[in-house]
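A quick write-up on the structure given underneath.
Every chain is named by a letter (A, B and C) in the order it is written, and numbering of its residues begins at 1.
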Amino acid sequence: MSNIEVLPELKQIIGALLFAAKKPLTSREIRKALVDAGASYGGPYQQFAEFKEDDILAAIEELKNELVQSSTGLCIAEVAHGFRLQNEINCGPWVRTLLDKDQTARLSKPALETLAIIAYRQPILRSEIESVRGVAVDQVLRNLVEMQLVRVTGRSELPGRPWLFGTTQRFLEHFGLRSLEEMPGMEELKRMVPVEKPERTKPFPAMEKELEQQTQQAVTEEEDESGEAEEAD
Amino acid sequence: MYMADLLPNEEYKVSLEVFEGPLDLLLYLIKKDEVDIYDIPIGRITTQYMEYLELMKILNLEIAGDFIVMAATLMVIKSRLLLPDEERGPVDEDDEDDPRWDLVRQLVEYKKFKDAAGFLGHLETVQENVFSREGEHVELGVRPDIGMQDVSIFDLISALNQALDRVPREELNEIFAEQFTVSEKVDWLLEATKNGKPLTLGRLFRGMRSRHEIVCTFLAVLELIKLNRLAARQDNHFDEIVIEQVEGGEPEPVLQEKETV
Amino acid sequence: MSNIEVLPELKQIIGALLFAAKKPLTSREIRKALVDAGASYGGPYQQFAEFKEDDILAAIEELKNELVQSSTGLCIAEVAHGFRLQNEINCGPWVRTLLDKDQTARLSKPALETLAIIAYRQPILRSEIESVRGVAVDQVLRNLVEMQLVRVTGRSELPGRPWLFGTTQRFLEHFGLRSLEEMPGMEELKRMVPVEKPERTKPFPAMEKELEQQTQQAVTEEEDESGEAEEAD
């Protein structure tokens, strides 16, 4: 099918995979690609299926150094539980100029606050977010869901079965976080008991409808969301 | 009410949804006055709170009922602080005997999240320089939040407050003065900030002798921010607020290709 | 705004630009980014505006060598009148395996046919595509638009003002074509009047060969994407 004269090294394969992937890859996903390619292409391709995750991590480390040492403008970052190939930060201004991203849309303060509350307290009800912020978060929450930084993770058992919200993989990617644990004071803020206050839970019809679809999707996509989705209990 | 006279007569409504809540306003006032969050001078803060609230109502900002609820709470706390200890009524045993305590606890908790939000904001600016292949991950969709990332609505109102304070309360000639309109001020603002010329709010209001004119101008600023034509920024907390035109601020036509397939 | 401690070298900037660009870049476009970034960021950023296209070409050459020598799995190719960062060809099987799970990277036979018809006959109406293929192309077309291989180019003057479709820049990049003229028999096919009776367009060899690698199995030809996409192992 494709006749290759020289087989690549593991490091090269990993570089190519990180380059082609649309999201950060874990060593596990890389290993799976090696195994699957071995199975479907056979012959000399099979030998790469032997590599263990440790070999892959070592090769990533090597690749990381090479990319920096030969000043390619690229680097490997650990983001959202995986590895991501990205440009070196100090080249950012030129990339932004090229892509016309000089006016990057930043999140507003209320949006960041809402995100922070969700990140620490997920899974969390809208009413709980509101009782911390002391103001309605309808619109802000809707925007965050639209931007795919927040998603519905399930429904609470409370009357009316209100939605529970959590952060997404994309949230970690957007902020370049390796995992939620990287947020400051995670342990402390996670544990704190929400302040009690009469809850206003007014109906949320438009959004409910929109979200209805996404939860269904979310359920099927559950496996991409490796980490934070699980801890819904 | 006297202040109501300040409203432009065309009943202009900016209806800028205020995403900040009463807790934000309280924290803002506490920070501004540099008072101890654990020992809030409730009388002074309540007065200021009411002043801001009144301005927000006058400006027709869409404030949530939460602001009113908080005003009531502040009043209750204030009145209870005036009572001698034994008449304050039942207080939770384990809580401190201070009527401010619930509020303080809520503010302190909220402030922690605000700080965490600051951390996220910092990460976001770092990530602005990071792109994955084909510049993909940065796309949050074409949804720039209204151009007030660096300035809170309370900063703006504070500027308005200062400007209003400079003008004598009752100026007889104001009654006969020319009437100003918001749309007039919108045009004027766009002209004044043309070619990326920044303008500080202080300078903007300078020389205005009529409170009515100040309010109209302020509403015009809000309107343009809401339309994403102007952005407001403030380099450091409580610095002068600068407004400038958003580059390419004309709303982009949205192409709905997919739906037509 | 962005506090950079160490300024990058030209080579790094170019690497970052090629990486982040959505299309192949010419030396002229790279130079423009240098000039523009100098103008908008000022200060030390301005010095990069001094580089001429020759300097840029030399840096690209250097980068090209470094990428290969340190076996990063990446290389620079000249495509569509510009330079493009891509994975090394011998890493292809793994990349394909990885992306196969991503249904977007995989084009079915019906999708390829539809794409071919659009490429040769653009701008073209959906009904015209259907009269060539003899089946409804709704779903196929929708997917192609989503993958940004096809776009709406305008509206016809016919009653109901139906949409006209054409291929995108990304289409050229996806197939490594320098221009549409590189497609076989372009002139001849372009002139052909749409046939009335349902007919399957003849595959065009060059394109087909490259695509074959992505469509591993030819599933029942009548089947639509929807069905086919599902059967990802």
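Assume contacts are C-beta pairs under 8 Å (C-beta built on N, C-alpha and C of every residue); 3 or more make two chains touch, one makes a residue touch a chain.
Fair warning: this is a prediction, and the values are worked out from it, not measured in the lab.
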Innermost chain, where centres are averages of C-alpha coordinates: A
Furthest chain, CA centroid comparison against subunit B: C
Subunit A-subunit B separation of Cα centroids, rounded to whole Å: 32
Interchain centroid distance [CA atoms averaged], subunit A/subunit C, Å: 26
Distance from subunit C to subunit B - Cα centre to Cα centre, in angstrom: 46
Multi-partner residues of subunit A (each touching 2 or more other chains): 19-20, 22, 85, 87, 89-93, 95-96, 99, 102
Where subunit B touches two or more other chains, by residue: 125, 128-129, 131-133, 135
Complex contact set, residues of subunit C against subunit B: 1-2, 16, 19-22, 126, 138, 141-142, 145-146, 151-152, 163
Contacting residues of subunit A [partner subunit C, same complex]: 1-2, 4-9, 11-17, 19-22, 29, 33-34, 36-37, 40-41, 45, 48, 63, 66-67, 69-74, 85, 87-99, 102
Residue ranges of subunit B in contact with subunit C within the complex: 125, 128-129, 131-135, 255, 257-258, 260-261
Residues of subunit B touching subunit A in the complex: 17-24, 64, 66, 70, 102, 105-106, 109-110, 112-121, 123-133, 135-138, 140-146, 148-149, 152, 246-248
Of subunit A, residues touching subunit B in the complex: 19-20, 22, 77, 84-87, 89-93, 95-96, 99, 101-113, 115-117, 119-120, 132-136, 139-140, 143, 146-147, 149, 170, 173-177, 183-185, 188-189, 192, 195, 197
